[in-house]
Amino acid sequence: MAPAFGGAHVVVPLPFNPKSLNGISERLIVSHHENNYGGAVKNLNRVEQELSRINRETPPFVVAALRDKELTFRNSKTLHEAYFGNLGGDGRRAGAIETALTQAYETSARWEEHFRATGMGLGGGSGWVVLGLELDTGALRTTASGNHTQILATSIPLLVMVMYEHAYQMDFGAAAAKYLDAFFVNIQWEEVNRRLERAQRASAAWGGAAG
Amino acid sequence: MAPAFGGAHVVVPLPFNPKSLNGISERLIVSHHENNYGGAVKNLNRVEQELSRINRETPPFVVAALRDKELTFRNSKTLHEAYFGNLGGDGRRAGAIETALTQAYETSARWEEHFRATGMGLGGGSGWVVLGLELDTGALRTTASGNHTQILATSIPLLVMVMYEHAYQMDFGAAAAKYLDAFFVNIQWEEVNRRLERAQRASAAWGGAAG
Amino acid sequence: MAPAFGGAHVVVPLPFNPKSLNGISERLIVSHHENNYGGAVKNLNRVEQELSRINRETPPFVVAALRDKELTFRNSKTLHEAYFGNLGGDGRRAGAIETALTQAYETSARWEEHFRATGMGLGGGSGWVVLGLELDTGALRTTASGNHTQILATSIPLLVMVMYEHAYQMDFGAAAAKYLDAFFVNIQWEEVNRRLERAQRASAAWGGAAG
Amino acid sequence: MAPAFGGAHVVVPLPFNPKSLNGISERLIVSHHENNYGGAVKNLNRVEQELSRINRETPPFVVAALRDKELTFRNSKTLHEAYFGNLGGDGRRAGAIETALTQAYETSARWEEHFRATGMGLGGGSGWVVLGLELDTGALRTTASGNHTQILATSIPLLVMVMYEHAYQMDFGAAAAKYLDAFFVNIQWEEVNRRLERAQRASAAWGGAAG
């Protein structure tokens, strides 16, 4: 099969000990990783195989339907990996990201207020909250999506928070605010700082304002 | 206002003479640029101003609603600029992009078949078709969206085609296939090649597989 | 094939002379009817045939993707028929609907202000504005959708306005406000009154508050 | 405030003893009712109050954003009430609905296969599966939605199944198939039969084919 339809995506293991999170249970995080993330990878491979068979006879609405699912599973894979990758830390925000958030939002506490308010807006539903670096401008932006397909154009995710209920119902029921608290104390800010540095280099290479 | 809520986005002029396109009228392209793209920029500034006023008292659903509109207008701006930027050429595909498409899809004609089928899947409706470079893997991917908010994560758009009906109804009525023909003969492939080179550098800087 | 997957939907002819509308061209309304509405009917039949083949082996994401398209085309058919059915009149609002709108909105001018503002919110994009009767409560409600799938639950459409750009770009370009003016002067309010009477009877039969 | 913007919706109590379901815990069903359904009612009232203040100065995108949230919460209320209303039974399908499903799908087992496949297509995500009666045609249709806003036009819900993860994660984790089993053994088919009878009367009153 052509590389564009590889259907050969693999599951990336959890980058931390699932027993080690503070207030998020091993049962939840393992189920989240195996079933929800793992399911997306499996479905991505299947949908790429379906897409490899598109030709002039395929009804256009079938193409559109498969494309929508491809985007769903491809982004779900990327965002879940970024989410697990920014967990497992001690929640202490420091370094370049603290400076950058302060410059963008006047205080980093004001950014956190925005990020939490955005998460609460998705409580009881589905979606993601992402702090991203926009390559075109080099700016930090906090965005929300109601499903896996919605993403800020030309952005790299620095900090990702799942708001699908599989991220918290098992441990917190409908108490999304408690999940947000638990998320914040487990953030791996060193990883966020590494992403920020790489994203700023990418923005400079692309020719965005961060360069 | 803090930089994150600048509300100071400006309209980028058309990068070509609007009388110069082959089969797409000046009236259409000027209306598209002034009203649809220009309207998105104006609305983006207004929604950023609204978002700057979010605080603990704002109902979460209002935050979510404004975030959705922010993503709509921000992406609409980026995608429209990329679209106008990849028009004004002679439609002759050559260079690095031709090689890269051939590697990814076995023949670049097969890629064009995919891109066109994806466009036809959106005919009579709304959205975008994007050939992008995925920074995480360095791979080329052809994706579709039904509205402005849907984007491939960690991607840079190389070739962008609007499928909102304001891109073709005025000239072609409901004949989306004729619009696709006109789009292809006006593609500025030199610009696509420039984007490809910059995107590959960005992918290497980010640490994706293209490096 | 089982009745649930008939795939035998047919196109309903325009209920008025396409040359007769005031300010909306024959070319536009015929293209809208033949291509956009007619295309939805054709696609609905195809998607029902695809759905008839679902079984235990079908990947769940394929089922979900086809269901989404079924809803898209089924509602597009219903809404387009309601739209054409409420055009061809003289735009003079009178009778039971005038009374009902006044009761619901204090003045019917206030309702029109709401309906128009809702339409302008979709300008340059896609979707529908619907004045519907909610069977559960017997109440009038004005709702908007960004695509064909979004509908008020347990409602019957009384007055329907298309906001897809194929409804106005050909005649009005991006000037959505001019399209709204043209829509209002062509409304067939007698038909709206007939629908209101039938919908109130249906609400009473269902056991909603209008009974 | 005008009746159209009442903001006075109230929570309907659970129509069964929350300890009485077979395999669905009291903790889950009470949380679902109080937090998810109750939250939707509270938000519906707030968004109606916001909408009452729309005027000529309101930016169109704010109108569109509020309309989207209004549809979200209004439908969430209706669908949640229908869901709770069709639980609390013994799961034995009989009577007019059994006959109608057999006529539409050749066997009612075939319908159940479709309904379950549609539910599995939403597993790990969000949305609803609805068996509805379409007033325009009198036909039974099984539809899916990925969020609260997607509904079959002119339909009355007969049997409603929530696929938001708050309906099962607490009891079943990611095992959506086990939730479907539990849903089916608790269906109150007498209520579905009552809805079918009322919906057929409403379809006849509206002038659909069931009359």
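Per-chain residue numbering starts at 1, and chain names A, B, C and D are given in the order in which the chains are listed.
In this section, a contact is a pair of C-beta atoms (placed from the backbone, for glycine too) under 8 Å apart; a residue touches a chain by one contact, two chains touch by 3 or more.
As the structure is a computational prediction, the values presented were derived from the model and not from experiment.
Looking at the partners of subunit B and subunit C together, the chains they share are A, D. Interface comparison, A-D versus B-D: the pair with the greater number of contacting C-beta pairs is A-D. A separation of 22 Å divides the Cα centre of subunit C from that of subunit D.
Note on chain placement: the centre of subunit A and the centre of subunit D lie 30 Å apart, centres being C-alpha means.
If you average the CA atoms of subunit B and of subunit D, the two centres end up 37 Å from each other. In subunit B, 61-62, 64-65, 68, 146 are the positions where the chain touches two or more neighbouring chains simultaneously. Chain contact topology: the protein chains form a complete graph, every chain touching every other one. Note for the complex: subunit C touches subunit B at residues 27, 31-32, 34-36, 39, 124-126, 146-147, 164-166, 169-170, 173-174.
On the side of subunit D, the complex with subunit C involves touching residues 2-4, 54-56, 58, 60-65, 67-68, 70-71, 74-75, 78-79, 103-106, 110-111, 113-114, 117-118, 120-123, 135-136, 139-146, 149-157, 198-199, 201-207.
By the touch criterion given at the top, residues 43, 46-47, 50, 59, 61-62, 64-66, 68-69, 72-73 of subunit A touch subunit C in their complex.
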